[in-house]
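Shared chain: chain A. Partners: chain B in the first complex, chain C in the second.
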Partner chain A sequence: MAAPIALTTKNWCLKYGKTEALKNLNIEIPEKKVTAFIGPSGCGKSTFLRCFNRMNDLIDNVSVEGKIMLYDEDIYDPRVDISILRQSVGLVFQKPNPFPKSIFENVAYGLRIQGKKNKTELQDTVEWALKNANLWNEVHNRLNDNSLSLSGGQQQRLVIARAIAVKPQVMLLDEPTSALDPLSTLKIEELILQLKQDYTVVIVTHNMQQAARVSDYTAFLYLGELIEFNETTKIFSTPKEKQTEDYITGRFG
Partner chain B sequence: MANDYFSSHISEKFNEELSQLTEQLEKMGKAVMTQFDLALQSIEEKDPKLAKKTLKKEKIIHNYDIQIYELGYQIMALRSPVAGDLRAIMSILQTTSDLERISDELGKIAKAIKDKNEIPEDIIHIFLDYGNGVCDYLNRTLKALNSYDVQASTTIIRKKKSMNALYLESIQKLMALNKTVDIDSMSSYLFIAKGLETIAVNARNIAKYIIFFEEGIDVRHQARKDIIEQFSQTS
Partner chain C sequence: MPSLKQTEQTRSWSQWKKNGEHWVWVNASAVAICLIMVIGLIGLIVVRGLGHFWVNDVQQIQLQNGTLWLGEQIDTEKSITNDAKQKSKTQILYKVGNREEYSLDFKWFDGEQIKNTTKPEWVAVIERYEWGNAYGKITNLHWQGKTYGINEPQALDNALQAVQNIREKIHTIEKNDIGRTNYQLNEIRLERKKIKADNSLNEIQKNKFYAQLYHKEKKISAHYQEIKKELDKHHKKLEEQGYVTFVLSDNKSKQINLGHIVRVYFPNQMDVVDRTLFYFEKLWEFIIEDPREANTEGGIFPAIFGTVALVMLMTLFVTPLGIITAIYLREYTRQGLIVRIIRISVNNLAGVPSIVYGVFGLGFFVYFMGGSIDELFYSFNLPSPTFGSPNMLWASLTLTLLTLPVVIVSTEEGLNRIPRAIREGSLALGSTKFEVLWRIIIPMISPSIMTGIILAIARAAGEVAPLMLVGVVKLAPDLVIDGNAPFIHLDRQFMHLGFHIFDVGFQSPNIEAAQPLVYATAALLIFIILLLNITTIIIRNNLREKYKALE
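Moving on, here comes the complex of A and B:
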């Protein structure tokens, strides 16, 4: 693969207690491309995604083995500052989770944590992030309204604006549209295609057509294993593994 | 993959739709073979009525073409097929249009026969020799299609050389008779031979679609020897 690699996992394993959820995963995720994780429920997509910003650290009982590199930084090195890691690797969940604050404060949140206080700088960055999340036109005259007054689709774009305000390198999206109607879904998909101009995007999706539409690379996971990883066009036209073929065409395994 | 492929989808309705497509295609292939037999018979028996019957068969083929096209189009619209399903539908639709063209050629040949009231015996023999060769070639192709047989398809492609040789032979034999045949008649005889050659090309296209469905490799523009190298188990 020609593109530079943003994320690399080496023999990556994760256990919940004694249960192996991820088994020896080796993958290279290209920079500024969209990579989709697909696979049946419970195969470990979300678990894997959460590894890239160490969200699993918050769960008791989790043990990991192997290595994950963000460029040449080992993100599980004990010296890594996790809050900085989570700024450079943003995570967006299935259900939009804006804070019960104003639209402006939601987007400014990460900047304030970074210690930014200059009012015009905050305003400029909030505007920039909202524009990049394709939300500015809908909210510019109501920035002080509570974010919970927005529709689901708008909330999801707000959460994305919040993540990009701190200028991450990687955006992780865990089924970002499964709670949205088809039109809001298309808007998020458009946004994802824009985001990859500046960020590396990894998306978990149940919706195979969505993976086909937005991603450049697709990884098929099954029972905690990486079965196949390739260009999306290859996966959806001529997958190499029978398990992949059966899954994407809807056949019995 | 093919034999149980069209019954293994989780959706029974989808299995039915795919089987319906393949069944229609098989019937269309049989109808084209019937038309081919009629065309050869009309040549052999110098019978304009048989030639007329050959022409009429075109309508049946058109109907299959329309039905298969519509069903394939529906499946594409409603099911968003991927991978093997997508390749199956694409190759079925392409096969359908090649069968349709074969039927057109047979119609044109029949028309040329019908318009000629006197065809010399030695010319009839030339047509029958070549026509039976092409008919057999198409028949083998359709057999390969019914079992999605990559080996048999590769053999069809391998036989391109001998089919071309048959064509050249028929042309040479026709040209050798140019002293006894007037120009108008000669040009319509050459037209018939050319029509048979086109049918052989269409048959070979179908063999290529079978390889595409099974192997996921587009060989439409690959050289004969490259195809043989990749897919033939004997060479």
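Moving on, here comes the complex of A and C:
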């Protein structure tokens, strides 16, 4: 793997109370590439993804062990400011969750949290983010409309624009297209390919074709363990593990 | 193949019941009964209350024994006698006015006593500032030294207009100038007490302050004397305007001073248009004037003002308190046994009888809080209380406690409905918990909060019992807000429509005069509550439109 590494996990374990959800995971996610997490549902993909911006901190009985590094910083260091971490590691959810505010205010939200008030700066950033999320052409003349008036696919792109407006280093996408129709899915996939020019992208998907289409690297998780991690072409052509092959060929899952 | 059409049997009662149609009918009748009761209640209040301002004809009643009376017919009653042979007797209630003559405005006549009734055109009704209405015949007018006969009605109009102008001047002076100077003099009195009680000042300093105050007081007193002179001049002028000579039904002649007359009208000469105009004039007067004659005449403006001010102040207190409490309970505490107990207690508070809140308000707010404030900040004024007596502030705080549960419960319900995804979405962008609450959640739950406020207003505006202990009075000449700095005087007592109904209806010696006023005040109270509620509902619907939650 020639590319520099953005995210590293070392002996990463996570427990919900007493049940182990993630077991001793070691992975190195390269910078400015798309990495896909695949695996049967309930295997811990979302849990793992949410570790990278510490969303699991919100759940009461979670305990973790091991290390996760963003470049050379330990993100679970007690001195880390979670707000800053979450701004550099953005997360997009399965179901689009725009705020019940205007389109403009949705995208500007992260900036306002950072205390930015300059109007032209806000406008410029919002425009830039919406253009990068391939949404500008559809909404530029109704930025003040309520975001809930957008279609599902547009909402999901809006949420992506909202995440990139704060200029993160990493974008985490948790099954971003599973609630969308095929056409919207296609648009999001195009967007992902475009995003990797500037960001490190990690995407969870249960759709093999999607993983094959958009990702450079693929990790296969099973029952909380990392079974195999490699370049996507290799995983899909010559999987090393029997379980991976079975899953990809649809023999279980 | 069986037929799809209904057979005779499937249309039967049992089939009907199986479809649940009888429940539909039960529900519909329940709704109908509720509607009939509500409409009946409001209809009764509105008809009786607003009918009061309509001008009725004045009848001349001739009795069998030859005596004559003038009066408005108010009511008829059939008294049932036990004696089967005797016909049931009718009794008729007339408003005969002229209270200073007959000691009562109202009189019952036996139907059999009355020989006949007529409606003579010449009957005049004179509304007076004291002693109520006078019914009779105007014979002539003495105005500014000249005498006018009844064939010069224009003269009467002019005279009354002149009187009205003088009255307005007097009113302005009394309300504004006298009120202000009294207020200033009182402030100086308090200031003097304050200096006297201030131990950090030595005698020389004190004397210096006293001298300053004395100087100030002298100036204001001098000004006061001037105003007083001016006022006396107007009063004298008013008295000297003249009088009308007036013949009562029993041919007794009287002089009524022009200065005591509110208005004069000739009901039997009025057509529908006149009466309608007159009706709105009276209604308007009822809304904007101060009460007269132990609250049985004039208007109820101070009570309207007090009610609205009380409700608004209560809203101002209860909204932030309720929101903060609900947010703390729902978002910041661990959802354990203690929170459950607190929540149950809050819900049960809504069921505590309101008079209990009144007792609590009197004990805690008035005596304890008010007493402490007086001791700490107004000790110079003791033993006379400043905040240690019932007033607007304590009344609105008592109502705040009373309505707090509904606001808390509605806010919590709103918080429960916020989808998890929205909170996470905001947190994932790096906002803190407080920012999520402030920027996303509170705007989103604002419609629920408004629902709580609507319920709170509806409950608070109708409460009377607790207010009687913590601040309401039957007559409060000074409003809570006026032109004297600091403009808002929460240490004052106030009037309230609900209490006014009780006071006029049940504490007044003049029952017949009071009854329609009870209905009119009730109608107004309902109308004001409706207005307050509609306003908040409109605000809520706008907010709902704005923050349509994710589905």
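Operating definition for what follows: the second predicted complex is superposed on the first by the 251 of 253 C-alpha atoms of A that agree within 3 Å, B and C clash if a C-alpha of one lies under 4 Å from a C-alpha of the other, contacts with A are read in each partner's own complex, and residues count from 1 in each chain.
In this text, contacts are C-beta pairs under 8 Å (C-beta built on N, C-alpha and C of every residue); 3 or more make two chains touch, one makes a residue touch a chain.
Here the structure is a predicted model, which means the values were calculated and not measured.
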Partner touching more residues of chain A, whether chain B or chain C: C
Name the contact category of A:Ile5: first (chain B only), second (chain C only), both, or neither. neither
Answer with first, second, both or neither: which of chain B and chain C does A:Thr249 touch in the superposed model? first
For A:Gln209, is the partner it touches chain B (first), chain C (second), both, or none of the two (neither)? first
For A:Cys13, decide between first (touching chain B), second (touching chain C), both and neither. neither
Is A:Thr238 touching the first partner chain B, the second partner chain C, both, or neither of them? first
In the complex formed with chain C, which residues of chain A make contact? 53, 55, 58, 82-87, 90-91, 93, 95, 97-101, 109-110, 112-114, 146, 148, 159, 162-163, 166
Residues of chain C defined as touching chain A within the complex: 419, 421-422, 424-432, 435, 439-440, 443-444, 546-550
Quick one: which bits of chain A touch chain B in the complex? Just the residue numbers, please. 208-209, 212, 236-239, 245, 248-252
Residue ranges of chain B in contact with chain A within the complex: 8-11, 14, 80-87, 216-217
